[in-house]
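Shared between the two complexes below is chain A, which pairs with chain B and chain C, respectively.
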Partner chain A sequence: MSRYTVALAGNPNTGKSTLFNTLTGLRQHTGNWAGKTVMMAEGEFSYDKTTFRMIDLPGTYSLYSNSTDEEVARDYIIFEKPDVTIVVLDATSLERNLNLALQVLEMTNRAVVCINLIDEAKRLGVRIDLQKIEQRLGVPTVAISARNRIGIDKLLKQVKLVASGQINPHPIHIQYSDEIERKLAELEPSIRENLGSQYPTRWIALRLLDGDESLLSSLKKRMNEVTPDSVREVASYGRTACH
Partner chain B sequence: MAEPLATNASDPLDTLLSKARTLADGETVRDGIVSDIYRTTRDICAESVHYEDKKKLQSTYRLDKIVTSPIWGFPIMLAILGAVFWITIAGANVPSQMIFRFFAIVEGYITAGFQALHAPDWLHGVLVLGFFRGTSWVVSVMLPPMAIFFPVFALLENFGYLPRVAFNMDRLFKKSGGHGKQALTMSMGFGCNAAAILSTRIIESPRERMLAILTNNFVPCNGRWPTLILLSSLFMAAGVASGLQTLATASVVMGMVMIGIVVTLTVSWVLSKTALRGVPTHYTLELPPYRRPQIWKTILLSSKEKSLNVLMRAIIVAAPAGVITWILGNVFVGGDSILNHMAAFFDPFAHAIGLDGFIIMAFILGLPANEVVLPILLMGYMSSGAMVDADGLDNIKEIFLQHGWTWLTALNMMLFSLLHYPCGTTLYNIYKETKSTKWTILSAVIPLGIAIAVTFVTAQLVRAFGWV
Partner chain C sequence: MPTTSVPLSNAKSGTHIRLNRIEVQGVLRRRLLDLGFVPGNVVEVLQKSPLGDPIAFRVNNTTIALRKEESSLIFGDIIGGETS
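Right after this comes the complex of A and B.
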């Protein structure tokens, strides 16, 4: 029986914890407000004879390491390299949510975009052309309602396809301004030379251009120690912090 | 997993960064990156998302015009908070009495059993009067209010009201030099301070985060709600007409919350003018759409996760504490029990701040978890052989009264509970998050100093005016 790691990323309050509970059967406390999950919660579920270990990352608006929770989420995706990262989006405010999805897609191609609260969006008269979004993003895109268990099966099917490598997505390539692109082109070769190809080169180049010191210190730490310390950050089953 | 490269790999990294710096040429690349990402998402959405009616989408926010309005925001907030307390207090009384009577009947049978077996008195004392009675009182006093309060609060949370509270409070926190998100971490403190300390991670600036950490303790958590609710219902509504008693009790609990918030803001303000100077940073607060909570799921979850958890913690400590306090209260040295000797040691100081030695001992022993302060106190009192005849909850008041309690004692115990140092778990989390012994100690000493000062002034004033 194969075993894969799945990370849940997304903006705050898009229902990551609800999806986490739906899939794992665990009872992470859910709440309708931004910033509820600050620690990562971990659980397990099986689908189609495969075991998935699932990590609920803190919800963030960006992955630009503005605060500790953003660093935690970013470090997990970059250093722990989950087999699949599910980006959970709120269907009722897709435009704002997609920004984070694009940032994740710059970090990894092994992603599934999951548009949650689709029933809510329908009720509010928001019509979403799933195929078109999927075509633009270049990764499997599924619409679900985590609390009413709509679309969960479709989601898991795509998650398994990406995890097992049966699908190898080619995510959207964000075109930056000529000036930024020129600088990236100059930086990328030396990054490949120093870090090899274990990290997404273009993304690292972007972060370095942005002067992201915290990423650099994380990188250094990774290279000097064998045990990644983010493992210690994971809270045990179902308990976010104390009660 | 990260594959460790050669150990001196950090040098090339520095070279990389400096190369990047030269390329960036001191400009902020961030704006360019972000605007390109935004352009891309706008692009995608323009061709794949269609709104039948934009107004319909906005309708979820119609309620916000009222609940976050400058005029109605605060009154509505107070009304909702008051209603939650009112429901809790009004609803808890009857089940408390029932559970209490049930345990009293069981105790009667157990005692009869001990007598039938001719068990020695000390064994009956330890097991029945200490262990069983202590535990059963904790259950009957704490379970009903928790079983009502936590689910109601969780429903409010899942509905989406907490961010609105933060929105209303935002201006006040800015004025006191803190971060607007401190209102959110404070709201989380109403549930559990230890969890709230972790939630301060959402605050970017270290200075503002420290403010949020140091002041989080001033809002009552799960472990302290029962104390506040019980004491105010026993002592604070005595002079009020019976129909209004519940209302009066709820107002007192709400008053405590208000005091906590005022202290939070004041301490933030003082710190941001002294040890943690600085200007508050800007941020945007997201107001999520209101969502109909999954009512039964929320109720079941919060009962299981919170009510039972808090109760189990209380019982786990209360049961052995019941035995130990019974022993301490019944072993005599020099004509008085050990327990009384210990309480007497704290008495002079305790008296100055309107408490007594037993209360101080309960707070010290209650450091690991606030849930156990009340149980330890009750058991301390009971072990000294007080005879209790009254029935139900009046029993508890009777015990307090026999130990010289007045409404001042109750008020100051509530104030002390509200303001004193955070629990052991919270302190541990503060240490983990700040990695600083100095700030961890300060986070206990500042509240303790305030708690002592406030209760001292209250006690002296009340006595000077001859109100007790």
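Right after this comes the complex of A and C.
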């Protein structure tokens, strides 16, 4: 029986934890990640002969404002590399929620967008063109109501397809201004040289351009831990940087 | 830059403003962008507190109060509601 890791990302109050509880029932405990004292709930569920370990990331509007919650969620997606990240969006305020969705889609292609509170949106007269959203975002997109257990099966089906690699999504590629694109093209080769392809190169380059100190320190910490190979890389990187 | 541009801190309650410039810097800039204070987006001035600061704004269907320190650095064009 295969086993996959699924992370839940989303704005606060989008029903992330409701979905988490719906899926895992009472089989949950809290985990402490990346050396930070922010607790994340962790649980397990089975679907179609497959076990999924699910992590409920802290609810955030962004992954870039560098609050502890956001750092924890960001580090989990980048360093723990879940097999699938479900981005939970509130159907009644999609515009604000899509900000986080786009940020996640720049970090990983293994994502499923889950539009929650779909029944609430219907009640308010909000019509959502799922097909169009899926087409624009380039990842499987499902509408659900976690509270009333609507669409859960459809969601799990997509999650499994992405986790097992049967679907390999190609998320929307955000094109920046010529100046930024030029700088990205300059940075990317040396990022690949130093980090290999274990992290999303373009995303790392964007964070560097943004002057994201918090990501840099997370990266450095990681590079000083792990395998002997990467330690060697750090050492040579340090030398070049000093002289 | 259009000359009609006003800082959010100067707009009257009820005004709708299309943002064109955010001059807040640093981490707070990122935070404001995340909340929907993005050039092109329309913000409604909801109400001022009794002493005029902070001011409540409606952005992306959410109410957010900003102090003058920030709202005076966010600029836009008045596109509806009462004129100031």
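Basically, the second predicted complex is superposed on the first by the 212 of 243 C-alpha atoms of A that agree within 3 Å, B and C clash if a C-alpha of one lies under 4 Å from a C-alpha of the other, contacts with A are read in each partner's own complex, and residues count from 1 in each chain.
Basically, contacts are C-beta pairs under 8 Å (C-beta built on N, C-alpha and C of every residue); 3 or more make two chains touch, one makes a residue touch a chain.
Since the structure is predicted, the reported quantities are computational estimates derived from the model, not experimental observations.
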{"item": "Partner chain in contact with A:N66 - chain B first, chain C second, else both or neither", "value": "both"}
{"item": "Which of chain B and chain C A:L219 touches, first, second, both or neither", "value": "first"}
{"item": "Touched chain A residues, chain B compared with chain C", "value": "B"}
{"item": "Which of chain B and chain C A:Q198 touches, first, second, both or neither", "value": "first"}
{"item": "Contacts of A:S190 with chain B and chain C, given as first, second, both or neither", "value": "first"}
{"item": "Which of chain B and chain C A:N99 touches, first, second, both or neither", "value": "both"}
{"item": "Touching both chain B and chain C, residues of chain A", "value": "64, 66, 92, 95, 99"}
{"item": "Complex interface listing, chain A residues touching chain B", "value": "12-13, 27, 29-36, 38-39, 58, 64, 66-69, 72, 79-81, 92, 94-95, 98-99, 102-103, 120, 124-130, 132-133, 136-137, 147, 172, 174-177, 179-180, 183, 186-187, 190-191, 194-196, 198, 205-206, 208-211, 213, 216, 219-220, 222-226, 228, 240-243"}
{"item": "Residues of chain A touching chain C in the complex", "value": "61-62, 64-66, 92-93, 95-96, 99"}
{"item": "For the chain C and chain A complex, residues of the former touching the latter", "value": "27, 30-31, 34-36, 60-62"}
{"item": "Parts of chain B lying in touch with chain A, wherever the complex brings them together", "value": "1-5, 7, 9-10, 12-13, 15-17, 19-21, 23-24, 29-30, 32-33, 36-38, 40-45, 47-53, 56-57, 59-60, 154, 157-160, 162-163, 166, 181, 184, 187, 191-192, 194-195, 198-199, 201-204, 222, 285-286, 288-291, 293-294, 301-302, 304-306, 309-310, 425-426, 429"}
